[in-house]
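Chain IDs A, B, C, D, E, F and G follow the sequence of writing; residue 1 opens each chain.
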Amino acid sequence: MNATVIIEVSVSILFLLGVSFSLLSSFGLIRLPDVYTRSHASTKSATLGVLFTLLGAFLYFLLTDGYLSVRLLLGIFFVFLTAPVAGHMITRAAYLTNTQTDRLVFEDKEEEEKKTNSSASS
Amino acid sequence: MSWIHIMILLPFIYAILVPFLYKLYSHKLHTGWFVMPIPVIIFIYLLQYITPISSGEKIYTTLAWMPSLGINFTTNVDGLSLIFGLLITGIGALVILYSIYYMAKKREALHNFYIYLLLFMGAMLGLVFSDNIFVLYVFWEITSISSFLLIAYWYQRPKSRYGAQKSMLITIFGGLAMLAGFIMLSMMTGTNSVQEIISQMNDVTSGPLFVPAMLLTLLGAFTKSAQFPFSIWLPDAMEAPTPISAYLHSATMVKAGIYLVARFTPVFGGAVEWFWIVSVVGMITMIWGSFYAVKQTDLKALLAYSTISQLGLIMSLLGLGSASMAFGFTEESAMYTVATGAAMFHLINHATFKGSLFMVVGIIDYETGTRDIRRLGGLMTIMPISFTLSIIGGFAMAGLPPFNGFLSKEMFFTSVLRASELPIFSMETFGIMFPVIAWVASVFTFVYCMILIFRTFAGKHQPERLEKKAHEAPVGMLIPPIVLSSLVVIIFFFPNIIGQSLLKPSLAAILPGFTQDGAFEFITKIEAWHGFNTELFMTIGIVIFGTLLYLSHKKWSSVFYTLPEWFSLNSVYNAALEKSETVARGITNNYMTGFIRDYLVYIFAFFSIALLTCVWVLKGVSLDISNNAPISIYEVILVIGIVISALGVLFSKSRLTAIISVGALGYIIALLFVIFRAPDLALTQLIVETVTVALFLLCFYHLPEFKKEHSRVRFRITNLIISLGVGITVTLLALSAQGNKLFEPISSYFENSYELAGARNMVNAILVDFRGFDTLLEILVLSVAGLGVYTLIKLRKQGSGTNETE
Amino acid sequence: MNNLVILPIIIPFISGMIMVVFRKNITLQKWLGVIALLSTGFVAMMLMHQIKSEGIQSIQVGGWQAPFGITVVADMFAALLLVAAFLVALACFVYSFFTIGNDKEKHYYYPFFLFLMTGVNGSFLTGDMFNLFVFFEVMLISSYVLITLGGSKGQLRESFKYVLINVISSFLFLVALAYLYGVTGTLNMAHLSLRVAEAGQDGLLTTIAILFLIVFSLKAALLLFFWLPGSYSAPPTAVAAIFSALLTKVGIYAIFRVFTLIFYHEPQITHVLIGIMGALTMILGAIGAIAYWDIRKILAYNVIVSVGLIVAGLAAFTYSGLLGSIYYLIHDIIIKGLIFLIGGTVIALTGTAKLKEFSGLIRNHPYLGWMFFISALSLAGIPPLSGFVGKIFITRGTFEAELFWLGAIGFMTSLMVLYSVMKIFMNGFWGETNMSIEMEKGSTKRVILPIAFLTVLTIALGFGAEGIHDYVSIAVEGLLDPSIYIEAVFGNNPIP
Amino acid sequence: METLMALLIGVLFTIGTYLVLTKSLLRIILGTAIIGHGVHLLILTMGGLKSGGPPLLGVDTLSFTDSLPQALILTAIVINFAVTSLFLVLAFRTYQVLGTDDLNKLRGSEDE
Amino acid sequence: MSNLAVQLLINLTIATLWMFLNDTFDPVTFFSGYLVGLVILFSMRRFFSTSFYFIKIYAILKLVTIFTYELIQSSILVVRQIMKPKLDITPGIFKIQTELEGEWEVSLLALLLTLTPGSVVLEISQDGKEFTMHAMDIPISSDSVRKTKETFEKAIMEVTR
Amino acid sequence: MRPNDILLHSVTKIATFIILTFSIYLFFAGHHNPGGGFIGGLATASVVVLLFLAFDVETVKKYLPLDFQLMTALGVLLAVLTGVGSFFFDAPFLSQTFDYFELPIFGEVELATAVLFDIGVAMAVIGTAVTIILSISEAD
Amino acid sequence: MFEKVLMIVLIALTISIIAAIYRVVKGPSMPDRVIALDMIGINLVAAVAVISVLLKTYAFLEVILLIGILSFVGTIAFARFIERGVVIERNRDN
């Protein structure tokens, strides 16, 4: 077992791990009942998946060529930074426009009344 | 530039001055007085040519115009052109004098009248003196145009415009045909000079273009000279002021066709087609014109039909005369040259008497306010001079002595009689037609001449039916017809003066082969009395039958109305014009539907059909997949993805889905670029696709949701066939181009981009350096689009613009 | 190397961009535009002179030897068109000073105009097929904006169609380029000429040639003209005039260039097809021209007719035919600009394009009327105005090539053309004057100047046809002998 | 691969053309977008596919993909983008002003 | 910490980043990166109204560790829920309050809370004191999120204050 | 009531730096790696768009007082004028040149006129992209 | 072997993307679609990383960040659009 094989195996593991997260989240995207739960699948599992994959690629180039790709690192950082904001913005948009709010359970009853009224009226 | 050129161009140059003269002096002096000296000067100038020309001299001068194109203003003064030149200027001068009295000084746009007139005069001079066929054509068209303008001089009147349009359409049609003929002649002979064409013609008479060139040239002549069936424009041209009718539409312009036939007789004469067409068309025109002249109640219309008839007569004479050439210029053929001589002689005579008659009719119109024979009558005592003039003109036209018309009419009869005995051109069988038709036509001519004279001047005067109180015309108005009438008489008594000085040189020009003097010996013997020959009996017969018909006119005139109205050539013309518009609109509206889809269908259909046909016929497809790159599974997946997204666009019911599908398509293509190792493309495609999708979304927020396309099945099937056609075409060609790489691409050069342009990225090196020009323009396109978007959104219609309307 | 060649492209380009920078200063824009156009014209004339004395001028942009870089080539054909384009552009540009309106001026009208000229001039000059595509796009995108400028209902409706058709035709252009590159591996026109000649123009190359013909026909309105009448009736007068004077000409130019320089080996297929398309174009155009009583439509269909006539000379593919085509092309650029300017002025005066709604204009507008008359005659090729030399030689060419039907159709349709424009003259300018000056919606003040300028040109071009003959004949010789062009592009350099 | 691409391009042209022939402004523009993609792929295919690494010197020692078509496509993409954006805006302004996105209702005044 | 210092810091960061991007680690690249940073900062200068807090390396590391731990834990939770043959989750909305102040603190908290699976910040109140949260499964999440929030809050304050 | 955009704003500010750095990198990378004026310009434009999205037109215009139409024109002018520059060296239009210079601090540096050209391209692209997006967004 | 793994990963990503496309098409709400789109972007990033490894080239590493950027900007734009009906606001205060 030489170095190349070790690298390839570890990179493969990272890739497979990443892609399983991706697959899972895509199942979630299909399976989950409403836009909010689906957003969980996409903003988190998928993000995690891509982070693993990028890490795998980063390691591959680092270990095989000794090439430290800042572009990949920057990519990881950027995805990491923006994915939650994107999720936040889109679910907020859904929430504020009363998309599928009637299925939600509210801890705060006052809020629930407000939402159900407005979604009924809208 | 020689004097002759200056003389020809003088009217044009002077025409430029007319508006200024008009502006400065029109309140003091009739503009015509300024114009009149021009024809007089030219006339006098031309007179000096008589001596050299009659002694057989030929006078060429060249003014370079477009030497490289072989279009030069070469003038040829010979007998033929000189006759015309003198007619144009002589009658021109008289007409202008006449017009000074006829055209009211206060009538506005009088300057226009004289500009057109000068334009015409110059053009006519240019036409007859020009030796270059294309220059001849130039002047030919100018005469048509100036005639158009003169006919519509009173452009407010619908009838004037109608007449002008008609004459323009017909004469310009003929002009174009003639031009086509000229082009063929020029091609056949390699020269544009009439004289050189004549000298080279023997080589090409058997060429395939000989007959087409002849027919086309004749078409020009026939339309201009109002030969049947193109004659219909001439009666409507009578909407022009009477001086114009006298000048253009009887004495000069309509004779341009005669001139053309005469001028090209040396080229085409001798051919059987030429003989038959020219003489038969002339004959038909003659009888048709004389017959319909009888029907007319408007004096000018009557004169118009008579002009048609007379032009037919001259034309047929030229045709008959061309027979002489068929014999190859021998003694024997000389006997037929009399027809050509008669043609030229009658041409002059007709100009004199018809000019005079038009002027008289103008006087009647001017004095009584009408030209309607039914309202006129008994003017004999009120207008004795006019009456005398009309007697002279009318009798000359009827072919009675002692007037010049008698002489040429007798020569005409001689010609048709001789022609009927021609041993060639199948004249043994059909020859007898000519004297018969000639005689019948002459009878009708006699009848309408009598109608013209006696219905106007004899009978009962009906002042209550006239617009004005009639009296004799002012002296100035009478002088021109008096001059012409005097000529009518003088020529009768001294025909040989013009015979020697003008006719003979003109015959030498028309039949250049006949150099021996004997060929034209009849010229010296033009005389009234030949003894009791067939011609004389024919004339006597005309007088007898003509008188009978004139007296019984009321009884048989219903014959004119037996033919239905629609049958006349005029109604054919009108219907054609009207129909052409309806049909044209029908055709155009039928395919120019205004629906962009239809246009696209045409375009795509043309694209597929043309290319597939081409591929099929030329065997342009040669499939060769040997140098195909191998296919990997991932590529197949991407391709499937592309197809699915494209189908998604096609079948999506919501606009959002469609937009997203198109975005997906773009992204997958970006991936394909990644696979095909084109990183720059992938990057660009990604960004551009994103921005495009964003723009789609931004815009389609403003657009409505998809509606179900309620289209018929036929519509959809057409669309499907068309789009399949396009797809198949593109694929087929791509496959064959792929299998058909003929050369190594030039791009291996760019592999040296690092040495050449200091760049490791070849694509970038191409973009900013090797083909930086493309990129520079590409950003220009981009910027214009950006500014355009800005403009499109910001600039709204707010009644802006000072000179624009919806 | 001669940087003069590039100037007709970059002078309007840079001037237009400077105008964008100074977008608030309309006066400056007007002056700059006039100066730019004048200097372009001056350069074009210098080029004509140089080409005459030194042969075809070329420049390898960026210093990259052909066929690797982009070559810009000024042969006499292109130079003549440049000059003609300059003349008509100047007239239209000045015409728009008085008519276009402050709103459009503030929204980059003048820059767009100059960018249009950049595209037009570039299309004439480029020696590279792909670069030609790019110049087409420069021209088209400017035309898209100009046609919509103002955003009235009619404009939007027609310009959508115009843009759509042109988008499609641009795609087809790219398709054709792709095939051509696939087969020949090059884009430089001179190089293409060599390679096609070397390989022989086989079935596939001929098919590609026909694809190019379709592409350029869409631009030239050769048979595929359906988009034209609507589009040309939508924009403001000055724009319609420059469109009708130049845009189709660029397509025609491309057809000439490609079918004399590259695909000239199978004329019995390609050129005869061009002839057939030209004949149909003339017939359908003339039928359209006589069908309507609407000035805009009559004039638009007249644009179409002349396209057919011009390509007839190419179909003949003889010296006379090409000579006639070039003469006629120059004539047509000027006369189409002129007649559209007059037509637009009339519409502005009367507020309608419908001939039946007004008459007798000549009484109050004699100059306009007579200039229309002259241009109408010129349009129909009546001598001695500018159209006739071209017409004679095109016809002669068709006869020489034994395409008699083509020449005959040319003549027949020119009569129909005359009929159609005389209809405007007789029904609009003649007749009872039914509109006093006070009732008119616009005025002819000042706009008469550019109109008179073009009228004088059409007269001068008719009388002075000899004056440009040397140039035209050099152009024809260049078209007939591709080796001159190739020599000018490659010089002594090795050809891959 | 080239054959597959040729077929794919044909499909894209077919679908694009079909869309262009429909009545709705949006479908038409989407159709042109699809044809545009087809055109770009065609240029790439005509240049020859995947005969090497990316056209970057020093990255790969393999032979290079034909770089010229890539540059041409880049130019074409940008121009297409410019035209499409203008076209889009034109479409939506047309809809705004004329009140319909049905091309059948956007008939010209060809018939008087 | 002054505004100027923050900008200097960012500038240096950009310069370093630049070296990495170019895969070249020499003064020239650093200097050009510095110039690039200057340009960026200059163009963005007006966005710096509030000041940036000094970043303590340790606190940052600690925060990262906490966060990673939480991330993995909650990921497993969510994945389990999705993988269950029958979905028995009760998604819902709840609210939490925070003591954090200022743009960056609040943002950081929201960011971390959103990144941990099982919860999403739906809305932040105008004063930034109250988050409306959505949970995958409200019985489990609402409590765990509140706990996580507290650890995060503490770690953040260590970094920022 | 308007939702609080605090999270978006703060992340946007950071993202802006990343994207800007990246775009400038892309721009300069173009010479040897994928990238160049067009891509760099569009990436920069995406920053501007992001700012417009996260904030609003007024705010961005206040903080980033750029006239994008002017920028377009200046960009195109810059590009074309680098081409005209070659006239002064009696070289064909648009001749680019590059050389390696020994500079005091920098060591050997490649300077290419093509970079100026590319800057023009980038400016034009930024200007156009932002103009288009802003225009459409402001349409009513 | 390694290449086989990479192919499997790519195919898995493709399936993931197809699932997301299903959600895009199905909706039902706008936010659903946008979320799915966002996920497509994220998966594309992963795919490009894998392809880079597969092709052993750094040439596409730019693409990764770029997709990330575009996906972020796009999602924000959508969110704005859904929330306010406009993408870019003139002035937040009114």
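Just so we're on the same page, contacts are C-beta pairs under 8 Å (C-beta built on N, C-alpha and C of every residue); 3 or more make two chains touch, one makes a residue touch a chain.
Bear in mind the structure is a predicted one, so any value in this text is a computation, not a measurement.
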Chain-contact steps, minimal, separating chain G from chain F: 1
Is the C-beta contact count larger for C-F or for C-D? C-D
Whole-Å separation of chain centres (CA-atom averages), chain B against chain D: 50
Report, in whole Å, the distance between the mean C-alpha point of chain B and the mean C-alpha point of chain C. 27
Between chain D and chain A, distance of the C-alpha-averaged centres to the nearest whole Å: 33
Which positions in chain E touch two or more other chains at once? 17, 21, 110-111, 121, 123
Show the residues in chain F shared as contacts by 2 or more other chains, in ascending order. 2-3, 7-8, 11, 15, 22, 26, 29, 32-35, 38, 43, 46, 69, 72-73, 76, 80, 83, 93-94, 96, 128, 132-133, 135-139
Two-or-more-chain contact residues of chain A, please, as numbers and ranges. 27, 39, 41, 43, 47, 67, 71, 74, 78, 81-83, 85, 87-89, 91-92, 96
Considering only the defined contacts, which chain B positions touch chain C in the complex? 64-69, 71, 134, 137-138, 141-142, 145, 152, 155-156, 158, 161, 164-165, 168-169, 172-173, 176-177, 179-180, 183-184, 186-187, 209, 212, 580-581, 584-585, 587-589, 591-592, 594, 596, 598-600, 602-603, 606-607, 610-611, 614-615, 618-622, 730, 733-734, 736-738, 740-747, 749-750, 769-774, 777-778, 780-781, 783-785, 787-788, 790-792, 794-798, 800-806
Contacting residues of chain G [partner chain A, same complex]: 1-2, 5-6, 8-9, 12-13, 15-17, 19-20, 22-23, 29-32, 34-36, 38-39, 42-43, 45-46, 49-50, 52-53, 58, 61-62, 64-65, 68-69, 71-72, 75-76, 78-80, 82-83
What does chain A use to touch chain F in their complex? 74, 77-78, 81-82, 85, 88-89, 92, 96
State the interface residues of chain E toward chain A in the complex, per the touch definition above. 17, 20-21, 23, 71, 75, 78-79, 82-83, 87, 89-95, 110-111, 114-118, 120-123, 132, 134, 136, 138, 142
Sort out for me which residues of chain F touch chain D in the complex. 32-34, 38, 128, 132, 135-136, 139
